[in-house]
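One chain, chain A, appears in both complexes that follow, with chain B as partner in the first and chain C in the second.
For the complex of A and B:
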């Protein structure tokens, strides 16, 4: 147990990096996903096709392949990129594909008549989404989005493989020094679980709040 | 085109290979109440949806108050206008739908206020005043804070009418506004529509309520298979139908007494 206490600062720093990466990936992924989802639904056909190819391709590639492709591939193209940025980019692009589908599903499930009525009173496209469609779609998007967030936190541990010192890497370093594998991995598991449990709990509360019917 | 709020010439609408409207000509004068009747699938609803450009059209022209709807002329062809300009035109056309389409996450008052604040750019105070007075006029004074799910179908449709008419449109379109209602709720909605008609609102009404057509309509238009087959004053249409198709159609209804 002493190990955990003495390595506390190192674990904590790793935990913060994991949170940082996760939040950045979710932000990036959600932005991409909103754009992707709207293109899938409302884009002119060439854009819709591009979005469709992007979503289907990304969902079929292991995240680790994406991370390595960017981390080792970009420098070969003359683009210097740090390990953490490569990781965020790769996971963000992956997350974006998932969120695209989530947004498409949620927004697409709102009855056509809502868009008709929003058009009927003269709202512009962005206003129709903002005031009429999104508030209703939110309740349907949130559960799936929370799932994605949980997946992102778990997938963030992959950035340790390109030498980012996140929670996973910090734990591994300490294990390397102290040989307390079982205890330390248990601590890691507990911390990942705690993060994801919190996300899920917040998700449930938000869902209740945005369910209007 | 003076005095004509809506002028439709040679309107053609296709969904893929299927032609829904095959050359419709129709003019609606200011203050006129035109009732469109016809069997289902005759293109009545599509005609209304083209007028406020919820549906694009492929041939002909629709002018609203002298302005071409949805497109601009360009070297003999039509070029679609950007959404922001189309939206501005739609604001001048009030539409009431068969399925009400109230925004379920907003109260009755908020439903009516949305267009007033976001499109008409009224202050929230002005918008609330105007929305309240319209909701009172349609008999919903005590339902301002109610959500659609808490209202009956007839009440919901009256909110929808208030939402459309509060925008002070140049014309109101009613797309089978009472078809989804329980029989005992039809009257309250027709009453509001009649009240609007009497106040001089220009209206295009698609309905199966023949008594309303006869008593409130200034002119009846009979559509079938994407064209206007016959039109005229209510008495003429109901008592001296000329075409066989209209005679057959009217035969489905028991004579209004």
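For the complex of A and C:
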């Protein structure tokens, strides 16, 4: 137990990096996802095609390969990039593809009549989305989005493989030094579980709040 | 400007191809072991006593909320440190992936078991099958047909997850990419080819599964 206390600051710093990466990836992924989802639904056909190719490509390539490709590939092309930014970019682009499908599914499930009615009362496209479609779609998007958030926190552990000292890497370093594997892995598991359980719990509350019938 | 040079990649193509096959093999094994785990856990959760139900719930919720990489490290680095060192890196990974997929498969099978119509079970009772026979000849075959699409998706995910085996130096596709990259520094070429290989394999698997589904799936 002493190990956990003495290496507490290291673990905590790793935990913060994990949270930082996760939040950044989710933000980036959600922004890309909203754009991607709307393009899939309402884009002109060349844009729709690009969005479709992007989404389907990302879903067929492992996240780790994307991280390696960006981390090693960008410098080869002459673009300097830090490990953490490479990780966030790769996971964000991956997350964006998933969120695109989530948005497409949620927004697409709102009956066409809603859009027509909103047009009928003279709302512009952005207003129709903002005041009519999104509030209704939110309840259908949230559960899948929360799932994605949990997956993002789990996937954030992959940045440890390009030498970012996140929770996973911090734990690995301490295990390497102290050989207290069982205890430290249990601590890591507990921390990851706590983060994801909290996300799920918040998700359930939000779902209840925004559910409409 | 980056100068493309594809030779090093194609000279080492056998490394990638072998890695790809190994990845598919690992995914198949993990799916098989994970399915067995999931099947037992799902029946435990559906009709076991309370302590077993809690145990299964703990397994499913626990594993689904922690990263796969942590499970891999636990099996590969952790177990030997507490005196269990029978698994090499390949089998450590297969084992870790099986534990991981088992949790997801438990949920899939649980839903599948619940979706088997009561009428079928009652019909089994009526023709005199005992409890075990009903599970063996009625519930399981019907359940597999119901969950086939989810099973297929899980297999594709597992195949993509085999890329994590490179973290403990299992020579699958991603590890092949790392090695070629280290030896020749043809970063862009390697990752383009490897990305395409993953993509093509995922779509090939998906196509094969669709054929299988058309033949066997039962959408209720």
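The definition used in the following text is that the second predicted complex is superposed on the first by the 213 of 213 C-alpha atoms of A that agree within 3 Å, B and C clash if a C-alpha of one lies under 4 Å from a C-alpha of the other, contacts with A are read in each partner's own complex, and residues count from 1 in each chain.
Heads up, the rule we're going with is that contacts are C-beta pairs under 8 Å (C-beta built on N, C-alpha and C of every residue); 3 or more make two chains touch, one makes a residue touch a chain.
Being a predicted model, the structure only gives us computed values, none of them experimental.
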**OP:** Consider chain A as the common anchor and indicate whether chain B and chain C clash or fit when overlaid.
**Re:** fit
Original post:
More residues of chain A are touched by which partner: chain B or chain C?
Top reply: C
Original post:
Just chain B (first), just chain C (second), both, or neither: which does A:185 touch?
Top reply: second
Original post:
Between the C-alpha centres of chain B and chain C, what angle is opened at the C-alpha centre of chain A, expressed to the nearest 10°?
Top reply: 110
**OP:** Once the structures are superposed on A, label A:5 by its partner contacts, choosing first (chain B), second (chain C), both or neither.
**Re:** neither
**OP:** Could you tell me if A:44 is touching chain B, chain C, both of them or neither one (first, second, both, neither)?
**Re:** neither
Original post:
Which partner does A:121 contact after superposing on A: first (chain B), second (chain C), both, neither?
Top reply: first
Original post:
Given the touch rule stated above, what does A:60 touch, chain B (first), chain C (second), both, or neither?
Top reply: second
Subject >> First (chain B), second (chain C), both or neither touched by A:132 >> reply: first
**OP:** Note down the smallest distance between any C-alpha of chain B and any C-alpha of chain C in the overlay, whole angstrom.
**Re:** 30
**OP:** Would you tell me which residues of chain A are touching chain C in their complex?
**Re:** 57, 59-66, 68-69, 72-73, 76-78, 150, 153-158, 160-161, 168, 172, 175, 179, 181-182, 185, 188-189, 192-193, 196-197, 200
**OP:** Spell out the part of chain B that touches chain A in their complex, as residue ranges.
**Re:** 49, 52-54, 83-84, 87-95, 97, 99, 101-105, 114-115, 118-119, 147, 149, 160, 163-164, 167
Original post:
Contact residues on chain C for chain A in the complex?
Top reply: 2, 62, 64-70, 73-74, 77-78, 81-82, 160-161, 163-164, 166-167, 174, 177-178, 181, 185, 187-188, 191, 194-195, 198-199, 202-203
Subject >> Complex interface listing, chain A residues touching chain B >> reply: 111, 113-114, 116-125, 127, 131-132, 135-136, 212-213
